[in-house]
Amino acid sequence: MNMKVCLAGIELNNPVMTASGTFGSGEEYSEFVDLSKLGAVVTKGVANIPWSGNETPRIAETCGGMINAIGLQNPGIDVFIKRDLPFLKKYDTKIIVNVCGKTTQDYCEVVERLANEPVDMLEINISCPNVKEGGIAFGQNPCSVEAITKEVKKYAKQPIIMKLSPNVTDITETAKAAEAGGADVLSLINTLTGMKIDIHRRSFALANKTGGLSGPAVKPVAVRMVYQVAQAVKLPIIGMGGIVSAEDAIEFILAGASAVSVGTANFTNPTATLDVIEGIKAYMNRYQVANIQELIGAVK
Amino acid sequence: MSDKFHEESIIIKQEQIANGIYSMWLKTEQIASDVRPGQFISIYCNEGSRMLPRPISICETDKENNALRVVYRVAGKGTEEFSKYKSGNTLRIMGPLGNGFPISKKKALLIGGGIGIPPMLELAKELDCEKQIVAGYKDEIFLQEELKLNGKFYVATEDGSVGTRGNVMDAIKANGIKAEVIYACGPTPMLRAVKAFAIENEIEAWVSLEEKMACGIGACLACVCKSKDKDEHTNVKNKRICKDGPVFLAGEVEF
Amino acid sequence: MNMKVCLAGIELNNPVMTASGTFGSGEEYSEFVDLSKLGAVVTKGVANIPWSGNETPRIAETCGGMINAIGLQNPGIDVFIKRDLPFLKKYDTKIIVNVCGKTTQDYCEVVERLANEPVDMLEINISCPNVKEGGIAFGQNPCSVEAITKEVKKYAKQPIIMKLSPNVTDITETAKAAEAGGADVLSLINTLTGMKIDIHRRSFALANKTGGLSGPAVKPVAVRMVYQVAQAVKLPIIGMGGIVSAEDAIEFILAGASAVSVGTANFTNPTATLDVIEGIKAYMNRYQVANIQELIGAVK
Amino acid sequence: MSDKFHEESIIIKQEQIANGIYSMWLKTEQIASDVRPGQFISIYCNEGSRMLPRPISICETDKENNALRVVYRVAGKGTEEFSKYKSGNTLRIMGPLGNGFPISKKKALLIGGGIGIPPMLELAKELDCEKQIVAGYKDEIFLQEELKLNGKFYVATEDGSVGTRGNVMDAIKANGIKAEVIYACGPTPMLRAVKAFAIENEIEAWVSLEEKMACGIGACLACVCKSKDKDEHTNVKNKRICKDGPVFLAGEVEF
């Protein structure tokens, strides 16, 4: 059985990776998960300088999901390169660094700093709904998606994954814009902007008022978008949004994703990633699928 | 740091010990064997619409039987779910989590407010020193018997039905309690008062903080509190309550 | 305790109504619900001529919700006026007719036909994701929202509610467009486009491939959009999307909705509407809210 | 039309009667009192992430005790949830739903395939005429004892372990069964074969159809099937299986 998938020339042992922001830089979860078993570890977003993130409360539970407004707290690229990269290098997995910024310049700075580091790919987060500048502001407009992709590509030595926002009228437009800008891979979906109100305190559940909705609740939207994007562009797709089980992951793969990320489910089950990998194997066994390639985009 | 485990625990016993307050003993595989007082566990809901674990302090352990006790208040849907289970039912849990209270030989004052009282029991049992325990309740009291066995026990109730009328600070003042170290867990206003009291009297004070959590192990940065100095891990003035806490020196964090 | 709310001059006994398409024309649910207790009954979408709708399967369950692609099956305006309106008139509730069409002309025809009928308001569904023509195609573009609102208003004798789609980048733009076009009330959200794949049969769960996601899963998105629209326009808002309990309904009201609709929850609990009404009363009692007006938009 | 009720029922008894097939007796307030064979109930999940009811046929009633029996196969998450409950647990249900089979005195052939067999039991019990019952199983058989008591009973199994090897049509042919009216419930390919057989032999045939449902009472238009003629209610060539069915004259619907 062959579970290897290839994204822009980078071969992953299997298609299962972590969703940025839900797995730190892997260290904490390494107590539960042998990182070498993962297709890739995608790190929490990292910026050119340290960010303190938003006020608390930063999360709230919702039916079948959660909203978060962490606000991209991160220790900055220096600490990341010095501490987190060496840690990840100890494992036989691919390293994908999620990059955030307030300006195009910020993103480029991080990309440039990582150019000669042992990083396999970079995921550009232009879809975070929880920061005032940068993030989603870039990700909702096809023109700016194309522009930032082009800029980032100038500095990048590794393949570039553009992470798309679901908070758009037509995701194929931003997908095509990223493709036009030279993106190597697309990942989707980031979170849907949501809100929760505490009716007893009569206030917002999150200090930031709005937050990004993730978890199984959003899966139908995510699968739909992956399918639409798979029909619209030629780039490989990393699918995510509500994956809890192998069944969920296979839905995304059948819809057209070459790889998948597990996010919120890590919070419900620290070995969710491994369970998904085992479950995909079991499915391939049951239906005698020799090569996972046969499943990618098989439902049209 | 003790190892963390993620396992299916079996409810050995569950009972309501006060209005809306439940005590539950869980049989674990490994978690109970190496717990420090002040640590907590994440309890996962069986109900599939609830994705996040509930952080609950360890109230007591029975290390021989690898069992642990939690005492919790029904605050919302997750704890309501837990309260309906009976012995024999199972709950997935992760732990032990967090740092726990530092153990010393100093004359100690343990302060628990409301649902912050439970962790004081395991702490009182582990501390080998002169112990004074102040517990503040709204009205109905619980865990009184167990706490009495483990130190000099003072009570405050808001309605004055038992002990000092008022809050824990009122009881401390009324009884002129002195100590070299304070351990406190309870609502934020209480912790603020404890901090002020500790500063005023120059007493070392450890407080256990709360925040909404997602991962429970330091990965997601949901549960931070502001810290006086730049935190080594986060590289900003934020500490992760689930990992660097929940216990902090009162002076090093803002709350 | 005053639970009366006023929408464009129409006074409702309470703010709780049914969401279009989940309650038929009230007849079936009248075995469980005394329709006179509802603020209003909003009917299933009705077109100028009968529509057969989509192929089956038309629905699929998802975590905390469902996707549907009924495809606006309806008996047409003639049967509706002859059979369903007289039935509804027997009850002491407001009647809101949901209108669908393939062209602007279709909508206007229905609106004109209803002008002299005993109908309190019309809700124009320009946001159905399950039909090839009409529906969402109108609802995703601010210019066409404004245009169709203007046209419809020409024929309308009753207040017009424009029902907005959540499948847009910025819902305040379509909301403002509807306001500019002369809408009297806005209702939101319609369903989010979603997809489910049956991994065992390797096919789409719905014959229509995509369907509209509804139910508690979408509530955070719906509350966020109601809040945003409440900040952006002056029109009263009917909030919906995942309301199951009074707590949910109050969230929408605090976010700025003057009334709320209960949809998918009817399928989980046929008396959901009544339970919501009772629960709102209990909340008002508990917090000594004399007039529900005090709650509308109270969280800012 | 009988009245419909929405109530909390209590599980009186639940047992596994074959691999993955469960039999459950529910104590109802009102529902069981006025059931026609072929009607069904909507069973709601207690698990909050599952919003839609599960339509399950009424297999048998005990009208004196206002109880009803359902026999179901674990097909997915909802039925799996039901299978875990024990007597004393409760389930919200709505019913009785749908039209049910029309009762006559004609020589009857009752055909059940797989999980379409259960409704044939209540039908056989209510029919007062010459009854022949053909049940088709994959391998393991169930409800055999009860069915035998209520008519001449024939079995087909795919693996030939019991009765005729093959499907229900094979058993009908092998035994040269003749009838004036057919009642059938089972997988669509079986119903198609029954329809063809009925046309060929000019027998009146009633079939019970399935479709995914949301409301279960005719309001949402999720569960339609195509009809030969324009339906009076929908005003298009669609009938609602939950309300106008699930039982239709084979000739009036397309499936």
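Labels for the chains are A, B, C and D, by order of writing; each one numbers its residues from 1.
Keep this in mind: a residue touches a chain if its C-beta (ideal position, glycine included) is under 8 Å from a C-beta of that chain, and two chains touch if they have at least 3 such contacts.
All values reported here derive from a predicted model rather than from experimental measurement.
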Exercise for review: Determine the set of chains touching chain B that also touch chain D.
Suggested key: A, C
Review point. What is the chain whose Cα centre is as far as it gets from that of chain C?
Key: B
Check your understanding: CA centre of chain A versus CA centre of chain D: separation in Å?
Key -> 46
Practice item. Could you put a whole-Å number on the gap between the CA centroids of chain A and chain B? Key: 35
Exercise for review: For chain B, jot down the residues that touch at least 2 other chains.
Suggested key: 48-50
Exercise for review: Scan chain C for residues touching two or more other chains and write them down.
Suggested key: 63-65, 215-216
Review point. Which of line, ring, star, complete and other names the graph you get from chains that touch?
Key: complete
Practice item. Would you mind writing out the residues of chain C in touch with chain D in their complex? Key: 21-24, 27-29, 31-32, 44, 50-53, 56-61, 63-66, 68, 70, 73, 75-76, 79, 215-216, 264-271
Check your understanding: Can you list the chain D residues touching chain A in their complex?
Key -> 48-49
Study note, to complete from the structure: chain B residues touching chain A in their complex are 3-4, 6, 44, 48-53, 92, 94, 211-225, 233-238, 243
Check your understanding: Residues of chain C touching chain B in their complex?
Key -> 63-64, 216
Exercise for review: Provide the residue numbers of chain A that touch chain C in the complex, in ascending order.
Suggested key: 62-65, 67, 140, 167-170, 192-197, 199, 202-204, 209-211, 213, 216-221, 223-224, 227, 242, 247, 250-251, 254-255, 283, 298-299
